[in-house]
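Both complexes below contain chain A, partnered by chain B and then by chain C.
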Partner chain A sequence: MPKVSSKLAAAVKCSDEFNAAACMHCGICTAVCPMGYEILPRKLFRYVQVGLEDKVKENIPNIYSCLLCGMCSENCPAEVNIPENVRFLRKYINENEFNLS
Partner chain B sequence: MAQKRRIGVYVCHCGGNISDYVNVEEVADAVRNDPNVVVSRTHMFTCSDAAQQEMIDEIKEKQLDGLVIASCSPKLHMFTFRGMSERANLNQYQYIHVNLREQCSWVHTNDKVGATKKGIHLLRAGIAKCELTVPLNAIRIETKPRVLVVGAGVSGMRAAISLADMGLAVFLIEREAEAGGWALQTGKMGPEAQDGTDVVAKLLTRINQHENIMLHTSAEVVSKSGSIGDFNVSVRLPGDETVSLNVGAIVVTTGFEPYTPQTDEYGWGAPGVIPLKDFRQMLAEADGPLMHNGKPVRDVAFIYCVGSRQLKSESCPEPNSYCSRYCCLATTYTATLLHDLEQKTGQPVNQYHLYRDVRTYGALEPIYEKARTGGAIFLRWDPSNPPQVTTEGDQLTVKAKDHLLGGEELEIGADLVVLATGMRPRENDTLNDILKIPESKDGFYNEIHLKLRPVETMIDGVFIAGTAQGPKTLAESVASSLAAVAKTGGLLMKGYVDLEPLIAKVDTDKCIWCGECLKACPYGAIEKVNVGEKEIAFVIESMCKGAGPCVPVCPHNAIEIEGFRDDQITAMIDASIKELETK
Partner chain C sequence: MPLPTKDILGILADNLNQRKSVLPMSAAKTTRWAKGLDLPKGGKTILYTGHMYQLIPVIDAMAGQMSKLEDSPITKMMGLGRLGNKFINMTFFMGLLASKADQQDYDRMLRNIALLLKKANVEFGYLYGEELYSGALVYDEGIDGSFAKHAQRVCDLLKKHGVTKVITVDPHTTHTLRTAYPQFVKGFDIEVKSYLEVLAESDIEPTQQLSDALTLHDSCLYARQEGVVDQPRKLLGKAGVTMNEPELCGKNTHCCGGPLESLFPSESHRIAGNRIEQLKEAGDNITTMCPICLVGLRKAAKGSVKVNDISDTLAKVYGV
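Entry: the complex of A and B
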């Protein structure tokens, strides 16, 4: 069973960059995503918000395949800055998974 | 039929509601030549001012001594026409209401001929009943300008102050040694961040200064007698001193009991699994980062609906099926308090809120919004899959399924599991035996009608308010206690109350006191009295509601309900089948 990581949850919570609190899980972002992955970006963001680090790691290829095209944020009714959130995620993974800084 | 009567009959079209299916002219014609009928007419709307004035004029002019109106349900217009009768100098209890709409036209829209025939039967029965009516007068009871308020929580105190402001003398009694109730333990309350102890202190100051309020703590009700407007209540004060209070009304604000989870319910009993109240205490006392077991608290799981909205199961044979109303507000408000502490100490605390439905209704929604945008994670659970709390050493784990991830399972390692426990009705058998207020299926005191008569009980003159009636937030409790004040004031400020005279009547010759009627009466309105050598039943007028369970159980037919006497009922049956016999 995937475990909630206190560290990721706290990092997300304390970050000014990652802000998906306004997300209402309507799924428009997923529908318009040109990459067509089921996980991007709604489900991924839920994993991040809840702090399911294992699930986030499983999806590293998806996170890096995002084009940052901004279709999702353009269409988001809750005005979540989705590409910015993806950048935050990449930074977190670079630091904590690939030990880059 | 004993004597000749002069009865007026009026049949209403109800603007088509009746006349579309019942031929009202035919109905009026059918009874026009009946022996005691002086006049029989139809009106488009009998309830209209013009029609009422015409009827009043006709009652006076033709000196009618009985009135039958065939129209809608008596629930709607019986009191309208009773008032009209009085204005025409006709005793209001000599007016009979026949329901030609709900009981005839609306239910027989497929059979106009049959509906008309039935209309005639119903009207004949009404006339037969009217022929046997006698003039009656309302029972007038003088009310005492004093009130007993049982329970000095916030609801009770607020009610006492407003009643006293009206000029009524108020006795406020509290079982505990201190007035204030649960508000003393809540700390800061949402949405306005008022402190419970401050609220109580302010109310207490006003109570102590008010010359019309007498507050007794450590006091209990020991007995009650009398009825609306004139109760005698004995109250035991500390030191076994008993005082007798004569009051016109009683307001019951005895409050609730917090729900205590069963062992192992959401890990209850394990260290670190605490009720919301205790967590709030921790928050209030924290002067730095939140600590538990000597370690800083990093993850907190809140579980909602503990002891509320339960489903019946083997482990829960008597579920609390109701919503406790305050917990969503209190828990989301706690989330904002925790955010504030986080800001102050710089130590992040992850909050996981496992909820069923967030019911921060009305103006409370911004609190939920604030909790959510502050970073609290809300995870919805389904009653078929409640969260599981397990312990390993001092590590608590909550397993849940996330609704937004399509039911994916996840595990939350928590330092604290906080249970938002609901409200239970207070167990107070002694008081219940004395007051005899009916209880709802949830065990709270039952109001007469949740929307239309929310603070009145089946016992006239006894009102309920606050959480004694059902779970409420503090604001709702105060609103209901002020509603009870309005009702109590309405009853007592006038100085008297008029009660329906359609009540039980004992035939003193026939009665031999077997006690069956006493056993049948749910209102305790029957007493044994001695008349000379003989013991007979006596009806306490102010307590009898004319419900009638005493009538069929009497082996000697010695008791009857005025307005529904045996001779009237028999006459109604005879009259309504008259046509059938002659066919």
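Entry: the complex of A and C
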């Protein structure tokens, strides 16, 4: 059963850096992503928005595989700053999983 | 087995914290390119290399070793490697593997840039051995505490020298200084411009026309984040160069894969392979404007097409 993490949800809520609220899940970002992974970035952000920290952790390699190239945000109709959201997730994992800051 | 993300990021952060660079290099190697150019030390306007061109031969040598480790059980030892690296700068030994020819190649590109700026009557100095790496990779990987401290260190250095304007040579340093620093350093007010922007605004005139057709690979950061798209085209266009644009160009450029080289080398090579195929469809004379794009695409091309840095082309047509 999926577990919702209040810690991740709170971190996302308080952050100026993570903002995917405008995302309408059209999937253009995933379609244009050079990596071609199904998870990047729309599905990943959905997990973050609903606080599914376990799912986010399962996808740590995908989070660090993002090129931060910005092809997704360039084509995002909702103008979500996707690379900055990925950087936020890396920061969260670095601090909470890798003990790095 | 993939390379261990936590340990590699740890080594990069430790190096930045302890040695002021993710891959520390001697001042002799980072400043060698400027020998004989008589650039003044410091000044209000400086050329800031951020060590990116100088680092490429080292990164390339290191990436070759890391690729061999991918899928090897030795990766489990990386934690010990991180511990050892705290006491001995292990990346120094990787630097010894860097090819001499590559070092000369990348030094020449920096010299081209300095000579082009001189030709355009831009007055600038250089910080020589005091110059620091920008922290770009640590910023990208979200190690924000280490990055913030380093950004402040660079800002203090620039302020100490009375610098008000910085001319950068690559997209990563440009983006880090111009877009990231103001978010991390309170009151960061130093003007940051890429040399391509500075040259495009100048009245530099070509000394020869080039009838070649070039295929320009736009850097993601330059095109999408920093608004550098028209400037290289203007500079090449003045010299009569025709552009064979790939389908994905300008703001819709496709990444070279370089950002993944340190953590996921095989994925990085896959993306570079995809991009070089797209570029080859447009032309066989490819020009880059980022040293990371250059090294990755050159390797992916395996000699099937020419891949050169734009500074070499500009040096040729503007007669420096």
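A few comments on the model shown:
The rule is short, and it goes like this: the second predicted complex is superposed on the first by the 101 of 101 C-alpha atoms of A that agree within 3 Å, B and C clash if a C-alpha of one lies under 4 Å from a C-alpha of the other, contacts with A are read in each partner's own complex, and residues count from 1 in each chain.
The definition used in the following text is that a contact is a pair of C-beta atoms (placed from the backbone, for glycine too) under 8 Å apart; a residue touches a chain by one contact, two chains touch by 3 or more.
None of the values given here were measured: they were computed from a predicted structure.
Once both complexes are superposed on chain A, the partners chain B and chain C fit side by side without clashing. Of the two partner chains placed around the shared chain by superposition, chain C is the only one that A:I60 touches, whereas chain B remains out of contact. Of the two partner chains, chain C is the only one that A:L100 touches; chain B does not reach it. In the superposition on chain A, A:P34 makes contact with chain C only, while chain B stays out of contact range.
Seen from the CA centre of chain A, the centres of chain B and chain C span an angle of about 140°, rounded to a multiple of 10. Touch criterion met: A:E74 reaches chain C, while chain B stays clear of it. Counting the residues of chain A touched by each of chain B and chain C gives the higher count for C. By the touch criterion stated above, A:V4 is placed in contact with chain B alone, chain C being left untouched.
Of the two partner chains, chain C is the only one touched by A:R87; chain B is not. Superposed on chain A, the gap between chain B and chain C at their nearest CA atoms measures out to 23 angstrom in whole units.
No residue of chain A lies in contact with both chain B in one complex and chain C in the other. Taken in their complex, chain A has these residues touching chain C: 34-35, 60-61, 64-65, 67-71, 73-75, 87-94, 97-98, 100-101.
Chain contact summary for the complex, chain C toward chain A: residues 2, 5-6, 9-10, 13, 139-146, 220-221, 224-225, 251-252, 254-255, 257, 259-260, 263-264, 267, 271, 274. Against chain B, in their complex, chain A makes its touches with residues 1-4, 6, 9-10, 12-14, 21-22, 25, 43, 46-47, 49-52. Of all residues in chain B, those touching chain A in their complex are 298-299, 348, 350, 352, 372-375, 377, 379, 399, 402, 404-405, 408-413.
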